[in-house]
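Down below are the structures I want you to see.
You will see chain A twice below: alongside chain B first, and alongside chain C after that.
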Partner chain A sequence: MALKIGADDLVENPTPRVPVSLCIDTSGSMLGDKIRELIEGVNLFYDAIDEDDDAHDAAEVSIVEFNSAATLIQDYASIERLERIETVDPSGLTFLGEGVNLALDTLEKRKSVYSGSGVLYYQPWLVLMTDGQPNGDPDELERAIQRVTELVAAKKLTVFPIGIGGDADMAVLARFSPNRPPLRLQGLKFKEFFEWLSKSVSRVSRSTPGDTVKLDLEGLAGWAEL
Partner chain B sequence: MAFTEFHYQVRGRGHTAEGVHVQDRTAYKHHRGVQVICLADGAGSATHAEYGAQTVVDTGCSLLIDRFDEFTTGDDAAGAREAIIGTLLAELEDTARRVGCDVADLASTFLAVATSTDRFVVAHVGDGVIGYIKNDEMKVASAPDNAEFANETTFVTSTGAAASLRLFRGSLEGVTGFILMSDGASASLFDQQTRKLAPACAKLIAIAATAPARQSKNPEYKKRLKRVVDTQVRPATKDDCAIGILARR
Partner chain C sequence: MSTTELDPTEFSQGGRRLFIDTNIFMDNHSRWTGGLKRLFERTAPTIIAERNPIVVPMKVVRELEKYAGKRSSRVAEEQVEAVRRSRIALTFLEDAEARGLVRTDLGDDSARYADDSFLRVLEWAGDRYEMCVITDDITLQLRIRLRSAQLNRRFAVGTLTSDGLVAVEDDQSLFGRGNRKLDAKRQKVDDGTATFADRQDVDELTALLPEFQTVFGLKPWVRRRPNGANAAGGPDTGEVATTQSAQAFSARPPHRDADRLLPPVSLPGEGDEVQVDSARGRSRVTLGKLVGEGGEGRVFEVVGQPNRVIKVLDSEHRTEHRQAKIALLTSRPFVAKGIGFPIAAISNDDGAFVGYSMPRASGRELQVTVMRPARFRATYPDWKKGDLVDVCISFLEKVAYLHSLNVLLGDINPKNLMVNANKDVWIIDADSWQLEGYPCPVGTPMFTAPTMKGEYAERLRTPVEERFAIAVMLFMILITGQHPYNRAGTDGDITRLIDEGIFPYQLGEIPGVDQPEGQWRYMWSHLPKNVKTVFWNTFHRDGKWYDRPPTAQKWLRLFTEYKQYLDGPENFDPQSNDVYPTRLKAMAPDTPIYNCAQCGASMVGRWQKDKGTYWTPKLCDDCRQNQSRCKECGKPKPAEALKDGRCWECNRKLNYAACMNCGKETPKKYLVGGRCSNCQLVACKDCGTLTAKTALTYGRCGDCVKKAAELDPSRLCVDCRQPFITRDHVGWFQNKYLDVPRSHTAIKQQCPPLTAAEAVRALEPQRVSLSWWQRVTSKWRNN
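Up next is the complex of A and B:
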């Protein structure tokens, strides 16, 4: 046997993934500055992930929008495959429960893909952003709340409910996150939020077994009100 | 025929960048015809993981020598698991007192292979991989014990560690080598998808088997294996890398 070890003798396992689901309100009330700032923030999030050595290979992002329906507008993809968002036309109602359920369904499918192909992954993150009160099917809302809280209790999901503006229903958002109060965005500081989010994803992607990934709560001060 | 040994750990690129000590540890011991090699990967969250890992590999070597016969012939597997974890925890408690920390601050995985003339024992808690070559075929004795997420595993200090300890034993007939690797080293030496060892593992074991009968302090085969770890295994991960090998022709 030739005892020189070449590249073919080693394996190249895929980088463990950090699945991040953005579940965003695109109802009519988001029209104007809110949606424009949100889109800018998401694209800035993509740029920040792209520039971070660790997050670049690890982060996979999906986007679900909810208005009078719930739609998967971006399935899970690495930064190389993510398409920058040009425009979103807000309209209709706020089917928040339907949106969260679609985001969770999409996440479950992605986790199956990971497991089937030997890709390790970290605890998924769900970012839920809304500026209003949910007015979709109440049963869907209750089902979404139950699914999220069960996953959070089992430490299978990290959830960030974010209220946009003064009309966001913080009480409903609080029901999605029993361990940590929802955050209300200061003004329209989407950029600051997504910058914080990209850094947090990077921290997770650097963690090894036994690491407790603590959220940078001081970093919240720049963009959120607890 | 006795095995030659090689064990080595190197600080990962991530820990180098952060100024953190290497938290992987390896050890080898032979006594009364029993050869033991142990490896431990200190938990990133544990403040004194390197002390814990060192304690675990030192204690593991002595324990498996002292109780090798019992572990290879006894019928009480559950008792053996409790004995291994209990002994490791007792030493960790002692270390915790000396260092001035909690036992949880010493968390690490534990991988061990012990051999005598014709029998072997494998013990494993947590992630990392233990493989072996039997009749020229590479096999995985014990694969990583990850929970659902990449940054979760079981440590010696975890609740239920004894129940999750994987304990195997068998005949050495046809066995020409064992390889133990930490999570970091497994990034390039273990295929997560196929759950098989990389071809390099057979070559690493073969290199170790080339050891001359007359040993020098730092023989050529060890220098060569260290170079492989430093230049080919370490760059594939940011984590610390540790490898232990027992090999014979």
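Up next is the complex of A and C:
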């Protein structure tokens, strides 16, 4: 039955969807302020989407965390069905490749649900956030990089690799985004980042699928350093 | 139009005849309200004096009777009026006939239409009488006038006035009206909305009009069209003229040079004073609160002018073209409710153009009202389908007006349209309109015609491309946000979906393909046939109007008809009035409409062609899918049919098992050791062998039964020396502690006849050598 309700929600709303996948590092090194600020940022992101008429009906968010494994902690859902995150306990290693692959798998599934039901959608977004070096299976990492770059090249994915803190491996993040350099979060400006992200989502929601949406690159200045 | 009014009295003189056609009785036209009464008052004295009643041919009476005969229970409101009028007319005629004012006995019933009766009278009595027919039917007027000219008779024909006079049009204007009628009917045929009678009219008029023109030597009829209709309506519309404003822009202006940004200036914001340059001069106002922020600029309230807003273009959209367009639009005094015509250009303190003022639109963007079912239900919970049709009509009226000015909206999308609770649509964003060769530089892929490629600003939109956007918008208003080309099984690339031109919804025999999931197909199903036909032919690449979607005018006619349909007798399914019907539309008025036995949802019978009956399942699809299911087999079953969560079959399967011996299905509780009670192993009472119960006879196993039935060889008949008694029989006596009989006779049997040898042996004393023990026992036994 639960699945059925999800489907009704999906088909009764003709608004084209913006699938946003948050793929976040919850390895041991995120412990403390980083993870607290991150969770706060995500919840703020939810609130901002909820308040925006267009984004409210369009955005669908999913969250994959990676540490010594990759876990889907939130499957794609509209803002009304998203569960606010209470706490996350960071621990373990940084299986970034595994995380991205799981996020992409989840996205593919969602896209086939859209397609099967006849729901239009915008180019999906993948937000990849890490504060360290990937140390999962190197093959998985290579596979993830290849999948992301292929999707980006085919204009089927917009990717935002974000480095957190000074230890983030910007070189690896750069490989995920050949066109746009990865961004390094200034300090712990998660709030500013998610504000920017929600604004960008709203912007896309106000356009129609197929429109080329210009990202508000000026807005980046508030939270990122290139 | 020149019309002569004849006094009908002229034709109630002797030697003349006055006829009245059905439509004069039936149609309640304001042109002749009260006219019938006046007609009879005028003519009554002459009629009586001359004994020359007005003729209402029998066929006309029959037609009236046909209307009147409709049982009121079976007709809808619109027809109720017709029934009422026809009954009044019949009563009136009866009364008038009794007074000798009318005769209804002329003509016969054989003509198919009353029209034909009049022409017959003309043929055979034309040389005896001068006649006059009162009818409002243009075709009949044309036919009669043509025939009378050919026969060279005076045969007046005209319609009734409210003074009871006969209004006779001159030949030229009658010819014009005939042409307009033909045009309108042809339009209906083109639209696929024509009835049989409409098609007949087209055939008749097509043949009649050229002949009429020749016989009367008339000037050819020129279709009046607005000067600019080609730009707005396209050359192939066959559109009847709409009011063409003298202020219209050029119909086919050349494309202007590429647009350029104006030199950057400081843009005013909330609280800033700006300069207003209107036709009436210059003034200053203060920008009030920010009302909204769009893709091209910001809209502010105007302090002290609640009905105005000012749009300040942002730096990327402050262009030469926009400035020129605003100047053109503000130079003419356009005022139209629901259209955001710029009122004045706005400049900043340095006198640089920064935007324009316009009337403040009421309502909210379609994007966040009609286009989103959840919000729509919340915003306008009481709206019915007719209200959405009103929204469409309101939109179309404005579009048609702008088109008549040779203005194209360009970027038609649900953010540029506002709607309020009164169903009034506002068109905003005048600075992006296309006029005088300035293109509309923006667009929305969902509303972009497949012929438009590349940058919007680089070319002028064609009226046909604009009409594509109109069609999509109308569909999306009626179907609340669903795009006509959205279908299941695609990657959601709307531009490609539009290019492919596959319209997924069903039309008559043409099945739907990949219709998106959800209520959409129900909403589509309930649109009237003619609306569906036009949409299908517009959107589907195989459709007749795929290359030239209907004009705003044509849609306007169609939607006006849709509105009438909703209130009319043909709308037999109550759900057709709902914005969100929950099922497909009933096929015909007699299709059973009933409720699902479980959830009460409305259902309609499904026509089974092969059986010629309606299939009326008790449960709706949802209930059949969602109803309680057996936890074992998962089959949907009504809740009351489930015991312990399982269906009867599964419970039986679970509680029953086959006996391992006989295979009989037996409740498990009666099975012992896998066997049913019949197949239980029981010890044979004789030998003690475990044997299936069924194989026992009176507690004995087969072997023991056989054995018991055998004669006991140790007991010989004392008479014949033969074994004579079965073991069973022996047992019987022994069980009762009786002596066991010793001869056939004792058990009421006869000794068998002896063979010769046996007889001899019997007679001889026994010589059998017996052991000692045998002898002792035998002796003991025989004692």
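Keep in mind that, in the parts below, the second predicted complex is superposed on the first by the 211 of 226 C-alpha atoms of A that agree within 3 Å, B and C clash if a C-alpha of one lies under 4 Å from a C-alpha of the other, contacts with A are read in each partner's own complex, and residues count from 1 in each chain.
FYI, contacts are C-beta pairs under 8 Å (C-beta built on N, C-alpha and C of every residue); 3 or more make two chains touch, one makes a residue touch a chain.
Just so it is clear, the model here is predicted, and its values are computed rather than measured.
In the superposition on chain A, contact is made by A:57 with chain C only, not with chain B. Shared-chain residue A:16: touches chain B and chain C both.
In the superposition on chain A, no contact is made by A:139 with either chain B or chain C. When the shared chain is aligned, no partner comes close enough to touch A:86: not chain B, not chain C. In the superposed model, A:118 makes contact with both chain B and chain C. Taken together, the two structures place residues 1, 4, 8, 10-14, 16, 117-121, 206, 208-211 of chain A in contact with chain B in one case and with chain C in the other.
Touching chain A in their complex are the following residues of chain C: 295, 367-368, 371-375, 413, 415, 444-446, 480-483, 486-495, 504, 514-520, 626.
Per the touch definition, chain A reaches chain C in the complex via residues 1, 4, 7-8, 10-16, 53-54, 57, 111, 114-121, 206, 208-211.
Per the touch definition, chain B reaches chain A in the complex via residues 14, 41, 43-46, 49, 107, 109, 126-127, 146, 148-153, 155, 183, 187-195, 198-200, 202-204, 206-207, 210, 228, 232-233, 236, 238-239.
Put simply, chain A touches chain B in their complex at residues 1, 3-5, 8-14, 16, 117-123, 156, 204, 206-213.
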